[in-house]
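Note that chain A is present in both complexes that follow, paired respectively with chain B and with chain C.
And now, the complex of A and B:
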């Protein structure tokens, strides 16, 4: 009786499914998409980054739409709505935080994905278009991250746009016109915000969805890259057969047998984004986008920190090549990569150049990012009035030397020069400058500047120069004598010691 | 997946031959992936309409593109002439000192809010002589700050510094500060402004540029 009912129920269910399938062809669609066969070797933790990036995008689309319910993209209102979302709207802060952390994770996981497919040789025949569409996806993702910073329309966003305009203003021929087009007018204003809004909310998301469609279509058409084996070379004539054989031999349906690790990784990513959002909250907004509030320290988000560092470290002649010529070359190289290197070894152990280049890129971007975050060249603008001078650098000084210290502070020298690590790092730390430079050298440096230091000749009286230089000479590690002019004949060592002993300020600091 | 025969579904009877006009019922006998193509048929009413349709759409597309592209490129082409703007009465600027002034962007929108206020540095050299500097560092546009004690403009971004007269003093900026053209009218200091100065358009055609 019960068995009979159960059978009837199953039949009814199958009947409904059959009816739907007959209309919608779901079984067929499934077999061609989620259920397609993949090499068993690709059901690996190394292959989860692509789906995790896609998952981040979905989170971004959902939370971005929610933010758009409140956000007003106008110069007058954007900041007010950001504050409202962050401090008043129920859960507004959390949605902002998820959107911010979602973007961080999306960029980071995408970088892992690119690294993985590069090291696994996935860009080679026949997956050229898969790779190229991926390059575009990467660029669009960075574009979304960049325009997203502008949506957080605070002081950093305002001056960040100014930086973008200044870089654009270096383009030859049409520089001025391009700046105007970037800003939507002659000056940063509401029109500027609106065009970044249109890019961030319509153009780039539309483009990313289109390229994802192409990217996934290519994955289905040409298959996921099999786990590479050293010594198994890609050959245009034989590869398709080779791949078909792998699928026949060890193919498993992606759903349900291959997708497990993607699901686990996806859940971890969601929890991580939510966790970061809950613990660290949203970023900013910092101060309002009021251009007359000039006490700011504009900084980009971490993904663009390395560019900020490059801008500071680069000599002037390198600016145009670095800002305007290098990016098209790098992007062009990435697009052409599958044609430059179309066949042969896929396994990383046989591709030392690939491994080394990944290493070099990670290292240099990592170091630049670190420099960008610590920003040693950005003068702390309040060091001259706020930075403390450690005791050892004050005690046992003559009145003249102490006067020199006062001049040193008052003339903002401290904004660029640290004493024992405290203060600016644009110029050298002066804790031992008396050891390195002689009195005349110091006078010349102070008066004439040079080597990235302004000349203070016009702003210091001769007495002030003398006082500052006396103080500089006193800055030496304990026991060291002042720097000597190497052009002068050396004095007997005994003399030296006597001279050092005569100057009580030197040598016995702690 | 690559093992699928691409033409299996495209030519199934269910979709009535649409999109696979080249396929014939005999294609089942051919290896998968091969589609036979018939010799072009002589002009019929149907493909004549098709050709007319394509041509009409090209024309219509071109027509509608003119305003669309024009709209997108309008800011590329449009000229925004500099305008005389008052910075206020001369009393605000003591001789021998540098003061922060601000003006309203002449090309502002009513919905610009605080972004319509643009700051600049005014240096009064003597009774009649001024220098008005743009706030933007000539390196990458960050706002420079005046330090009266050391008589330097310092940039918070990459450590650029400029002397009191705007000349480059240190750091990565490629030239001295951008300046505004100015005049004194009815006891007011006026500048010619209305642009974010960049290396491509420093915004003062009268100035003599001093390289770093």
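And now, the complex of A and C:
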């Protein structure tokens, strides 16, 4: 009786499904999309990064929409709404945090995905367009990360756009016009934020969806790259047959048999993003975007830290080549890569140049990022009044030497020079400068400046010069005599030696 | 037998986690104290002092090149009014900056009050009266003998090297400090320079008010004539 009813119910269900399928062809659509066949070898942990990046995008779309419900994209109100979301709105901070960490994970996982497909030779015949659409997806993702950083309209955002605008302004012929277009005026103003908002929520998300459609279509049409085997070469004449044979031999439907690892990876990504959001919270907002506030330390988000480091480290003549000539070359190279290197070995063990270049790129971007994070790019503007001098560099000095340290503080030398690690790091740490420079050399350096240091001659009285130089001379490791003039005999004069012996040690570095 | 399916486990873990989330405060939730404050809104003494003063004036724990503000004798000698006045207007002709906004400084009147009160909170009971913070100069000729006695006594404890170049009579040193600084130094002493306060600098007895005024007058008389003039270095 019951079994009979069950059977009837199933039949009815199948009937409805059949009716729908007849008209919408869902089974066919499924077989051509989620259910398409993939080589069994690609159901691997190495192949999860693409879907994980896509998952991040979905998280960004959802949380981004939620943020847009509160965020007011106007120069006057953006900062206040950010403060409201972060400190007052229930769970507003969490949405901001998830969106921030989601973007970090999206960029990071995307980089892993690019590395994987590059090392597995996936860009070669016949997947050129899959790769090229991926290059555009990468650029759009970086564009979203950059414009997103501007949405967090604080001092970092302000200086970030400022740097972006001055790079743009270096363009030949149309520099000023391009800046005008980017900022909506010659300077950062309320139109600037509206422009970046339009890019961040309409233009770039629209573009990314379009390119994802193309990217996925190409994956379905040309298949996912099989697990490469050393010695199995890609050949334009035979590859399609070779791939069809693999699918026939070991093909499995992506859904349900190949999707397992992607689902697990997706769960890990969600847990990681949520965990970071809950533990580390959102970023900023820091101080308001106010150009008159100079005691700020603007730094971009980590994905752009290396550009920031390049900008800070390179000599001025290199700016145009680095910012206007290099990027088109790099992007052009990425787009042309599948044509330059279309066939042959796919396995990384047979492609030393590929492996080495990945290694070199990771290393140099890593080092630059590290420089960007740790570099003393902006002086601590309050060091002059706040930086403490360790005891060993204060005691056992003459009254004049101590006044020298007062001058050193009051003239803000400390904002650029540390003493034993405390203070600014634009110039050298002076903890042992008395070992390196003589009294006359120090006088000249203070008065005339040089090597990036301004000349202080006009701003110091003779007493101040003498005091600060005497203090500098006293900065040397214990037991060392003051630096000697190399034009004089190397042996210190007798009285000097006697004095050095009597003198107690300054500083405690052995 | 009841089978517990993995999906059910995951779902219940999720429910438990979200319940836990609403119950406790996750570390990522930014505390209101993290909210950006305009520098003029800072009211915390420790922060104000360590940003604006600590580089030059120690507060007991660290060292600084100018007078320590945690010196019991010094704190007994100075009034709140004088302290506020010095912080707000600086010491003209010296390297003590004026901090009041009206003088181009960065501190509001309220913040200057907070700093003065925070410093005075370090006051400790001191036995007996203490010389006034400020007083007219005494007799330089008499001061010379006091100076000689003080140096004589200091030489017993301080390394010889600190007496180089004339010690407190060094012309460049005197060209940089005011008489008030010298007076405060003599009264309160200086841990950094190794100079004890006026009660301990001579063996067995304290300096008298007159001796302090004479000593400062003597040092003042050694000051170069160009003291307090604007920079004259015109090297390129």
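As a convention for this text, the second predicted complex is superposed on the first by the 485 of 510 C-alpha atoms of A that agree within 3 Å, B and C clash if a C-alpha of one lies under 4 Å from a C-alpha of the other, contacts with A are read in each partner's own complex, and residues count from 1 in each chain.
To be clear about the criterion, contacts are C-beta pairs under 8 Å (C-beta built on N, C-alpha and C of every residue); 3 or more make two chains touch, one makes a residue touch a chain.
A quick note: this is a predicted structure, and the numbers were derived from the prediction, not measured.
Contacts of A:44 after superposition: neither chain B nor chain C is touched. Residue contacts after overlaying the shared chain place A:288 against chain B and chain C alike. Using the contact criterion defined above for the overlaid structures, shared-chain residue A:32 touches chain B, although it does not reach chain C. When both complexes are overlaid on chain A, the residue A:255 reaches neither chain B nor chain C.
When the two structures are aligned on the shared chain, A:458 is found in touch with chain B and with chain C. When the two complexes are overlaid on their common chain A, residue A:115 makes contact with neither chain B nor chain C. Greater residue coverage of chain A by touch, when chain B is weighed against chain C, goes to B. When the shared chain is aligned, chain B and chain C each come close enough to touch A:410. Of the two partner chains placed by superposition, only chain B is touched by A:189; chain C is not. The contact surfaces that chain B and chain C form on chain A in the two complexes overlap at residues 288, 295, 384, 410, 455, 458-459.
Interface of chain A with chain B (complex): residues 28, 32, 36-38, 74-77, 79, 158-159, 162-163, 165-171, 174-181, 183-191, 220-223, 240, 243-244, 247-248, 251, 288-292, 294-298, 308, 311-312, 314, 316, 319, 377-379, 381, 384, 410-413, 415-416, 424, 426, 449, 452-456, 458-459.
Put simply, chain C touches chain A in their complex at residues 21, 26-30, 32, 35-36, 39, 50-56, 58, 62-66, 95, 97, 159-165, 167-168, 170-173, 175-177, 192-194, 224, 226, 229-236. For chain B in complex with chain A, the residues that touch the partner chain are 1-4, 9, 73, 75-78, 80, 100, 102, 105, 107-109, 111-119, 135-136, 139-145, 147, 149-152, 154, 156-159, 161, 163, 169-172, 174, 194-196, 198-201, 212. Per the touch definition, chain A reaches chain C in the complex via residues 83, 86-87, 93-94, 97, 154, 276-282, 285-288, 295, 382-391, 394-400, 402-407, 409-410, 414, 447-448, 455, 457-467, 470, 499, 502-504.
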